[in-house]
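What follows is chain A paired twice: with chain B in the first complex and chain C in the second.
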Partner chain A sequence: MNNNQYFFEYLQNSPPIIELVWFMIGVSLLSILILIIYLKYLRTHLRSNEKIRETYQMKYELHLITYLYSGNEEETISPEQQTIIDELKKDLSDSFKRSIVVATLLKLKNEISGELDESIQKLYYQTGLINFSISKLRSRKWYVVAKGVRELTQFHIKEVHDEVITLINHPKNEVRKEMQLYLVNLFSFKGLDFLDVLQTPLSEWDQIQLLEVLQRFDDQQVFDIKPWLKSSNDSVVTFALKLADIYIQFQAKEDLIELLDHKSEKIRIELINVLGNLNIIEAKTILKNHFIERSQQEQIAFFKMMEKMPESDDESFLLEYIHHENFEIKLSALKILKMINSNTFNIQKHKGTEPDFVKIVEYLENN
Partner chain B sequence: MVDIKKIVIAEDNSLLSSLLKFRLEKEGYKLLVAENGKDAIELIEQHQPELILTDIMMPFVSGLEVISHVRNKLNMLTPIIVFSAAGQEEIVLKAFNLGGTDFMSKPISPNELVIRIKRLLR
Partner chain C sequence: MEINTISIFLIIRYLFFVYAITTIGSYIVLAIISAVETVAYMKKNSFVNYKEILSSNIAPSISIIAPAYNESLNIIENVRSLLSNHYVNYDVIIVNDGSKDDSLEKLIVAYDLVKVEHLINQQIPTKPLREGIFKSTNPAFEKLIVVDKENGGKADALNTGLNISQNKYVACIDVDCLLLEEALQKMIKPFLESTDTKVIAAGGVIRIANSCIIRDGKLIDVNLPKKMLEKGQILEYIRAFLLGRMAWSRLNGLLVISGAFGMFDKKIAIEVGGYDTKTVGEDMEIIVRMRGFMEEQKEKYKVAYIPDPLCWTEAPDNYKIFISQRNRWTRGTIETLRKHRKIGFNPKYNSMGLLSYPYWLFFERLAPLIEVLGILYFAILVVLGQVRWDYTAAFIIMAYLFTVLFSIVAILSEELTYHQYKKKGIGYNLLKIAFLEPFAIHPFIVYSAVVGNIDYYFNKKKKWGEMTRKGMTNPETI
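And then the complex of A and B:
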C-alpha cells in the first residue's frame, strides 16, 4: 500500500515528460496483454476448428468408403447408399461441412480410376454438390467464382461449358486462368477455341500451365493454330507459336512466314526461332533478302536459325558478316562457315586481326 | 486352416489406404496399413508380409527407401508394387533398379490392383 502511495506521489511531483513516459509504458503493457489473450484465443479456436475438421473428415471418409462398396449390381441406389446421400445432403447446408465433403471426395477422386471414380462422380450429383459449385459462378466475389470453376474442373462437369465460357474476359486473372484450365482439362485441344475470342493477356505462367495440361492428351493433331497466329492479342500469337513449335505445325507454314512482318519485335524474334526449329527453308531466303532492315536482336535470332539449317548456298552471305561488329553474329557466321566449308574458314581465319575475331577462331578450332 | 496372406500398404493418403484395405480384405488378405515409410519398415520387419504396396512420395521415409531397406538390409524377396503419380517415370525406373517388382500409375484402379496382387501371390 505504501509503495503504491509513494508511486502516485512520485508521479504527481514528476515533470509532464516523465508522466507521459509512464503513461506510454502502461498503454504498451496493456496492448501486449490484450494481444497475448487474443493470440491464445485464436490458437485455441484454430486448434478446435482443426479437431472438428478432423472429426468430420473421418466421418465423411467412412461414409464415402461405405457408399462406394455398398452399391448393387443393377446400378440403382442401394438403401445404404441412400441413407448416406440423405445424411450428406443435410450437412451440405453448412459451408464448413460442405468444404470438408468436397475435400474428402477430391482426396480420393484424384487417386483412383474406374468404377469407383464414376461412383464418386455420381455422389457429387446425388448430394446436389454440383448445384453449390454452379451457384459459385454467379457470386460477386471473384475468389468464390474461381473456386467454383476449379471444383467443376476437378469433378469433370462438362455440361456447364456455356456458363463457364462467359468468364473468358473476366477482369480478374485468377478467374480467367481457372476458366482456361477448365476448358483445356475437360475438352483437350478443342478447349483452346477460347483463344479465338480472348482479349485479355495470357501470361507466361498461364501458357505454361495450359501446355502442361495439353501434354497429357494424345489427340494432338486436331487443332488449327492459323486463326490464333492472326490474333490481335499478342499473347495469343506467342502461345500459338509455342504450340507450333511443340506440336510441329508445319501445315501452318504460310501463316508463320506472313508473321515475319508482325508489329511486335518480341513475336518476330520468337517466330524466327520457331521457323528454325521447323526447318522452314523459305523463311531463310526472305530473311536474308531483308536482313539489313531487321533489328539487331532479329539478326542474331536469324543467325541462330541458320545454325540449325546450314547450306552451302549461305557462304557468300556469311562472308559479309564474319567481321560484323556484334560478337554473337560474328560467332554464328564463323561457326556456320566452318560447318559448311572448312577450306573457306581456314582461308578467312587468317584475314582477321581484331581480338574478338581471333578468340572466336581459336574457340572454333578447339571445339 | 486357410493361410491368410499378409500385405503391408504404405500410403500417406489415409482415404486411399482405407479404401484399398477394405477392398483387399474382401479378397481374403490381411492388410497392415502404414502412413509413411518409417512405419512401413517397422510393420515389414515385425510381420514379414507376403506382399508390399508402397507409394513413392511419403513423409519421413520415401517408397524408394522402403524398397532399398527390404532388398538390401532385410534381404527379403517379397514382391513390391510401387504406386507412382504422373511425371514420376524416372523415379519408377529407380524403384525398379532398387528391386521393385511392379508399378501402378495413379489414379489406381482397385480392380486392376487385385488382379496384379493375385498374379504375384499365385
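And then the complex of A and C:
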C-alpha cells in the first residue's frame, strides 16, 4: 500500500513526459497480458477445432455412405435415409457443422459418379442445404456471396441462373469470377453469353480458368466468337482471340484480320500470334506492307508468325532484316531465309561481321 | 557557456525521443495496415482454385533460375526438389557459377545431362560460359537446363539465367530453398490477375526450415529448432514478413523482395539491365531500379507480395555466420540507397521517393547507428553524472515492452492466418523468445550492422561473407 502511494506521489511529481512513459508501460503490460491469454485460447481453440472437425467429418462421411447405400429401388426415401436427413437437418443450423457437411458432400461428390452422384444432389435439396446457398447470394458481404455462388456451381444448381447472372458487373472481382465460373461450368459454351454484356475487365487468370473449364466438356460445339472480337471491352477481345486459337476459329478470319488495326498493342500482338497459328496467309501481306509502322513487339511477333508459314516470296523482305538491330528479328529472318533458300543463306552468311550475326549464323549452321 | 551545453544536451535528448516515438508510431501504423491487408488477402484467396491453373497448359511459362556455387553436397536433392513443382509450364535453369567442387559432374551423372548447342541472346553482359549448356536425355528431366559458367557471383549467375530463359516470367531462387508445390501458381497469380496495373515483381514469405522434417524435397513436419539463435530468427522472419512487408505491399512501397524467392517480369528485369553485379544487396537493388524505371516511364505498376509461406530455407545456426549474413545485408542496403539517392525525397518518384525511401533510410539504414549513438550518448551522461536513473529505467522498460508486444502481435498474426507451428508447447516457446530475443539476438544484429557500416566505408574489398550450410536434407538438421 505504502509502495503504491509512493509510486503515485512519484508520478505526480514527475514531468508529463515521464507520466506518459509510465502510462505507456501500463498499456503495454496490459496488452501483453491480454494477448498472451488470447494466444493461449486461440492455439487451444484451433487445435480442438481441428479435432472436432475431424470427428464430425468422420461422422458425416459415415452418415452419407449409409444414406447412399440404403436407398430403395422405388426411388422414394427409405426410413434409414429419412433418419439421416433429419439428423443432418438438425446440425445444419450450426454454421460450423454446416460447413463440414458441405465439405464432406463435395468430397464424396468428387469421388463418385452416376446414380450415387445424383443421390448426393438429392440430399443437397432434401436437407435444405440449397436454401442456405441461395440465401448467401443476398448477403451484404461479398465473400459470402462468392461462397454461395461457388456452392451452387459445385452442386450444379441450374435453376438459380437468373439470380446469379445479376452479379455480372458486381464491384468485387471475386464475385464476378465465381459468377462466370458458375455459368461456364453449368452451361458450357452457352454460358459464355455473359461476354456480350461484360463491362468489367476479365483478367488473364480468369480467362485461363474459364478455358480450363471449357476444355473439360466432351461436346466442343462450334460457337460464334465474332461479336466478342468486336467488343469494346479489350479483355473480351483478348479472350475471344484465345478461343479462336484453341478452337481453330478459321471462319472468323475476316474479323480477325480487321483487328490488325485495333487500338491496343497487346491485342495486336496476341492477334499476330493467333493469325500465325491459324495459318492465315492473307494477314502476312497486310503486315508486310505496314511493317515499319508497327511497334517492335509486333514486328517480333510477325517474324515468329512468318516462321510458321515460310514462303519463297518472303526472300526479298527477309533480306532487308537479316542485319536488323534486334536479336530476335535477326534470328527469325536468318532462320526463315535458311528454310526457304539455303543458297541465299550461304551467300548472305559471309556478309555480316557483327558478333550477334556471326553467332546466329554459326548456330543455324549447326542445327 | 554552461547554459549552451545544457541546451545542446536537451536538444539531443529530444531528438532521440522524437526518433523513438516515430519508430514506434511507424511500427504501429504498419501493423494496423498489415492486419487489414492480411484479412483482405485471406478472404480473397479462400476462393482460388489453384489446381485449375496448375494443370493448365494455357498458363504462362516460368523459368526458375537457381545459381549454385560449390553446392555439391546437396545439389542433386535440391534440383530434384525444384523439379517436383506441380506447375505445368516451367523449366529450371541451374547456373553453376564456376564452382570449384564436383557439382557439375554430379549433376551430369544424376540427371543424364549432355552438352547442347544453345543460342543465347546476350542482353545483359555476363561472365562467359565455361563448359557450356547441358540438357537431360531423360524425358523425366526435360525441364532441366544446367549452365556451367565462369565465376561471377550470384548476380552474374542470375543474369546468365535471365539471358537464357525463353519464358515471360522468371522466378529467381536460392538453389537450396525448398519450394512448396503450389509456390509457382501462387506467385504468378498477381501477374495474371492485375488488369489495370503492371505487376513487375512478386515476393513471397520466407520461412526457416531448421529442424523441420523434409523428405524427397517435401516439407513433412514443421518444428521449432532448439538453439536460441534459430528460434529468434523464426520470430524475426514472422515479424518482418507478416507485419512489415504485408503493410508495405498494401502501400505499394515494397523496396525489397527476398533473394531467396522472387518472381519477375523478365522483359522489365532485362530492360533495366538485370541484376547489379557490383552490389552484395542485388535483391533489393534490382527492385529499387525496376521501380525507379517504371516511375520514370510514368507507368502504373506494382510490386506484389504473397504472405503464404511458399519457400523454406536454412538460417544460420551459429553467431559467426549470422553476423556475416547481417553484415552483408547492411552493406547491401547502404549500397542500394546510395546508388539510388536521387529517388529519396523526390516527389517525381511518388510514394517511393517520399515514403519508402525515407523509411528505409531512417528506420532501416540509420536505426542501428542511431541506437549505438544513443548508447554512447548515454555513456557520456553517466560519466558526467547527468543520468536520472528512474527516468532511464522507465524508458528502457517502455522500449522493451513495446518490442515484446510487437513480437506477440506477429505471433498472433501467424496463428490467425497460417498456423504453421501447430505442435503443443511451441506457442509457449515462441512467447519465451519474444521476451528473450531483445537480449539474445538484437545486440548481435546491431553489432553486425555497425561492422557492416565500417566494412562498407573502410573495407571495400569485402564481398559476400561465408555461408556454410548443413543442407536441409542432412540427417542432422532433420
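Here is the rule we go by: the second predicted complex is superposed on the first by the 328 of 367 C-alpha atoms of A that agree within 3 Å, B and C clash if a C-alpha of one lies under 4 Å from a C-alpha of the other, contacts with A are read in each partner's own complex, and residues count from 1 in each chain.
By our rule, contacts are C-beta pairs under 8 Å (C-beta built on N, C-alpha and C of every residue); 3 or more make two chains touch, one makes a residue touch a chain.
Computed from a prediction, not measured in an experiment: that's the story for all the values here.
S.K.: Based on the superposed arrangement, let me know which partner A:A244 touches: chain B (first), chain C (second), both, or neither?
M.R.: In the superposed model, A:A244 contacts neither chain B nor chain C.
S.K.: Looking at A:I336, would you say it contacts chain B, chain C, both, or neither? Reply first, second, both or neither.
M.R.: After superposition on chain A, A:I336 lies in contact with neither partner.
S.K.: Look at A:V236 in the shared chain and tell me whether it touches chain B only, chain C only, both, or neither; answer first, second, both or neither.
M.R.: neither
S.K.: Chain A residues in contact: does chain B have more, or chain C?
M.R.: Of the two chains, more chain A residues are contacted by C.
S.K.: Quick one: is A:K107 in contact with chain B, with chain C, with both, or with neither? Answer first, second, both or neither.
M.R.: In the superposition, A:K107 touches chain B alone.
S.K.: Let me test your reading of the model: by the given contact rule, A:E115 touches which partner, first (chain B), second (chain C), both or neither?
M.R.: Touch partner of A:E115: chain B, not chain C.
S.K.: After the superposition on A, what does A:L198 contact: first (chain B), second (chain C), both or neither?
M.R.: In the superposition, A:L198 touches no partner, neither chain B nor chain C.
S.K.: Can you list the residues on chain C that touch chain A in the complex?
M.R.: Residue positions touching the partner: 17, 43-44, 46-47, 49, 52-53, 55-56, 58-60, 117, 119, 121-123, 189, 192-196, 390-391, 394-395, 397-398, 401-402, 404-405, 408-409, 411-412, 415-416, 419, 422, 424, 427, 431.
S.K.: Enumerate the contact residues on chain A facing chain C in the complex.
M.R.: The contact residues of chain A facing chain C are 10, 17-18, 21-22, 24-25, 28-29, 31-32, 35-36, 38-40, 42-43, 46-47, 143, 146-147, 150, 173-174, 177-178, 201-205, 208-209, 211-213, 235, 242, 246, 327-328, 331, 356, 359-360, 363, 366-367.
S.K.: Going by the contact rule at the top, pick out the chain A residues touching chain B in the complex.
M.R.: 61, 64-65, 68-69, 104, 107-108, 110-117, 216
S.K.: In the complex formed with chain A, which residues of chain B make contact?
M.R.: Those in contact with chain A are residues 13-16, 18-19, 22-23, 26, 86, 106-112.
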